[in-house]
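Since the structure comes first, as structure tokens, the remarks are kept for the end.
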């Protein structure tokens, strides 16, 4: 198993962990954590799999991951500020379980 | 190579713990650790640029945001927050 | 871009533009609204007269506007459409006058007259549609703009009627759309062509074409009130009298019947329909509807409901004529499109007058009303006798041609249907006439207001004019300008003579 | 290539700068900037359309970088149509928003403050979202599309949260769903890139080799986009988000934002993936669409608030867009089917925006949007209710609206392919739509007006009416808009269309 494959597989494992947690965790902070793990997993996968071909690192996935990290932190900041407002306005730290359907 | 295997396993283990621990504060700290180890993985993957970004933004900035949010959302420190029975990963209480 | 393009468009716009402007008028401006309405209606009549003249000169009016890559929106006016257009133009003018009087002082008049004009525009579009897609477009618009008229009163009962109306007509529209798109998928765009557009189709498709025919007839039959698709029509009676008049004589019901005429003659073609063997089931359904409608009418005490079931019955005369082979039956069916309209609109005008002036809406309340309102009841009586088929009224001409046509086609049972229907017609109309003229009034009638005849002039004039029209249409059926003569030419064209 | 102005680049850059300027400016100035930029972007989209009709499809680079790292833009007929749709909806909704978010007389200082907050942040967020949308329509490679997707999500979510109250939870859920969808997309991109080493859509379509990795990528990317487009059964997040957002934001979300991710699926399936797709894949999407139509319509019938009704109606109407994927799998019906989808999307955008704006007017006038409280409102707000009715005609798929023509094509495609079950769904969907539209129109037309005529700013009424008219006219003007769609057509050329 090559280095890249190892990390790509780590990515897959982390992705499933994060996905699972995103679905089952109720606390908003945990959902945000899950989302971040999910993001990191995808980034690992991206670089790991792209490296398979040659020896020299490919700049394209690197650029993609750098962008992705910035996006992830912005989304996290947005999510946390929403969570704070939700707590302040309605005292909620979880999403209402039963949705208004 | 062995180092990489250990690192990969640690990452998965950390992720597991941080997503399932019953204490929010602990989870956030674990997440920061996870980010720092991930930066190490980026170095191993010959991506020092990503490693720097990960350490600074992924672990540092996100970690700070999370710590701040935790303090505001759950001021009474660590209220156990166990996922509803049967729907989450098993609570890791047995290990600590 | 010549007059042959612009005239059909102008006829359509002559009611559409006033309709849109009326929506924007404030409720209080009843003078401006009436003026707009009447000007539009008069312009329409003038334009239609011009068109009739052009058609007798051998001109064909057609406006094509590209809609889809392979289909145009076509307005096409030749002899058959113009028959329907002139009918709707004349009756719109009269109904507008009537409605101005009828709705005096009631709320939401801008909305009412706006949709009223749009309803007539859509009917004109249905009349002039030159292919199935155009027909469908106007047919569905007609459904939509009629709904606010049906629920105009705003009562729970009116809304219930509106729901029933839409449930029936929208389902019918959907069936029609499936039929039309299926035909399109099978053979491409279909323009209306005299003697039928599908004549050359090979036997491989005959099975599918039969199903398509059934879908089209079912879709159109909802509006034409073919049994068992007629359920909405008696409900729609809650609408104000001018709306009922328009619905039954010109707009909705006629659009369905006219569509069946189109499908039979100009899409399938009478010969091809015979090859497929689809005309006999249609004739059977029409016959059942004629008898069933009449029997139901017998049982109604509510005057407008009785008239509604009478419409169910009478409209199927048109369909029976269309589904019976031969020129004579065609003439009988198509001319009934006009004759039924003139007679039925008279009846509804009169029913509205009775309701407005004396508060009568039941047959049992009509005892002795003839002496209080002689002019109204004369018009009513003439129309009822015409419906029964008494010579020389217009209804007799229709039945005469239909009967002859039935014999001609070797279907003597058509004659039997007509006979039974005539007896039933007499059975539900004559008691009304008897009560109105020969029975003493239940209680003294309220006096007419000073300076009025038996009712307001706006209300009284239209039924008198329509009564005159159907008497003339009957008396001078042989004259070259009569609807009957016009239908002779149409029938000749459809049979390629 | 002599092109006088680079309309495509401008249509991305202008709203982006506008967003920054509006953010830095004060509320009143921000609004002026927003309106100015709106006008400019409408002009850009018209300019682009005319340019495409004259010169054909084209590719632009920004900043001198070449693909794959540079930002390349490709404009063809499909992107121009989407750009135009967004510009029209956006500009009219923006006009509506100037009144909707205007300061209101209120004794409650907290309420006044939150209204000021909305007014302050609507314009920067919306302009930012507009830039993301336009960039999405014009992007030509998978990674740029990822970036635009994320920017879209990051601006749409705070727009929902502007309403405060129950919208916060809805916005939170929307954010989580949106991020998950984007990450699924990125996962798919990773798979495709590792398999082929290419991100550019055109080059990828040329070399795409079917295989497990590609199939997994298609599944992940499509799945992510279905989640973001709220296709049944992944629609759970849409009704709360669209129903609780401020009315102009609901209009933008339901009309445009869900269409952007739908557009991506169309791009991929029609342009990049065809070689790797099987009939069954299209069937699956088609049946999801069919289920969405029926389920969404029935849910809409059961709501007692207008905005929730409209949100479920969006779930149902999105179903039609995915029904097309099933129809398009038959080669002889593909052209009709794709054209139908695009026309349907555009007509729905205009119509649904009109409906949400109208619901905003009702909310402002009555203080609520409960259906059972609408009696006689048509006499008090005639223009708004007329707009509601017209846009309702479009939902019902009746002529002459755009969705009538779209359903006409869908029916023909379904009948040619012998897809009876879809014919049935199409018919039922229209009838159910009629039923839920009339649930609102009926009471509104019923009975005498209770209370006086209500003053709602005329601009709010007329913008709703303008959009409603557009949705109805979309059916009549379809032959001209088809010419634009044919420029650099990603779909197989349609028979009967002049090439």
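Note that the chains take the letters A, B, C and D in the order they are written out, and that residue 1 is the start of every chain.
FYI, a residue touches a chain if its C-beta (ideal position, glycine included) is under 8 Å from a C-beta of that chain, and two chains touch if they have at least 3 such contacts.
Chain-to-protein mapping (UniProt): A = Cation:proton antiporter subunit C; C = Monovalent cation/H+ antiporter subunit D family protein.
Remember, it's a predicted structure, so these values are computed and weren't measured experimentally.
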item	value
Of A-B and C-D, whichever chain pair has more C-beta contact pairs	A-B
Centre distance in Å when chain A and chain C are each reduced to the mean of their C-alpha atoms	67
For chain B paired with chain D, centre-to-centre distance based on mean C-alpha positions, whole Å	37
Whole-Å gap between the CA centroids of chain A and chain B	12
Rounded Å distance, chain C centre to chain D centre (Cα mean)	43
Junction residues of chain C - those touching two or more other chains	none
Chain B residues counted as touching two or more neighbouring chains	none
All pairs of touching chains, each written as two labels joined by a dash	A-B, A-D, C-D
Touching residues on chain B, where the partner in the complex is chain A	1, 4-5, 8, 11-12, 15-16, 18-20, 24, 27-28, 31, 34-35, 38, 41-42, 44-47, 49-50, 53-54, 57-58, 61-62, 65-66, 68-70, 72-74, 81, 83-84, 87-89
Complex contacts: residues of chain A adjacent to chain D	15, 19, 22, 28, 31, 35, 38-39, 42, 45-46, 49-50, 52-53, 59-61, 63-64, 67-68, 71, 74-75, 78-79, 82-83, 85-86, 89-90, 92, 95-96, 99-101
Contact footprint of chain D on chain C as seen in their complex	23, 66-70, 107-108, 111, 133, 136-138, 140-141, 143-144, 148, 151, 154-156, 159, 162-163, 166, 170-171, 173-175, 177-178, 181-182, 184-185
For the chain D and chain A complex, residues of the former touching the latter	68-69, 143, 146-147, 150, 153-154, 157-158, 161, 164-166, 168-169, 171-173, 175-176, 179-180, 183, 186-187, 189-191, 193-194, 197, 199, 236, 239-240, 243, 299, 308
Residues of chain D touching chain C in the complex	376, 379, 382, 386, 393, 396, 398-400, 404-405, 407-408, 411-412, 415-416, 423, 427, 430-431, 434, 438, 442, 445-448, 476, 478-479, 482, 494, 496-497
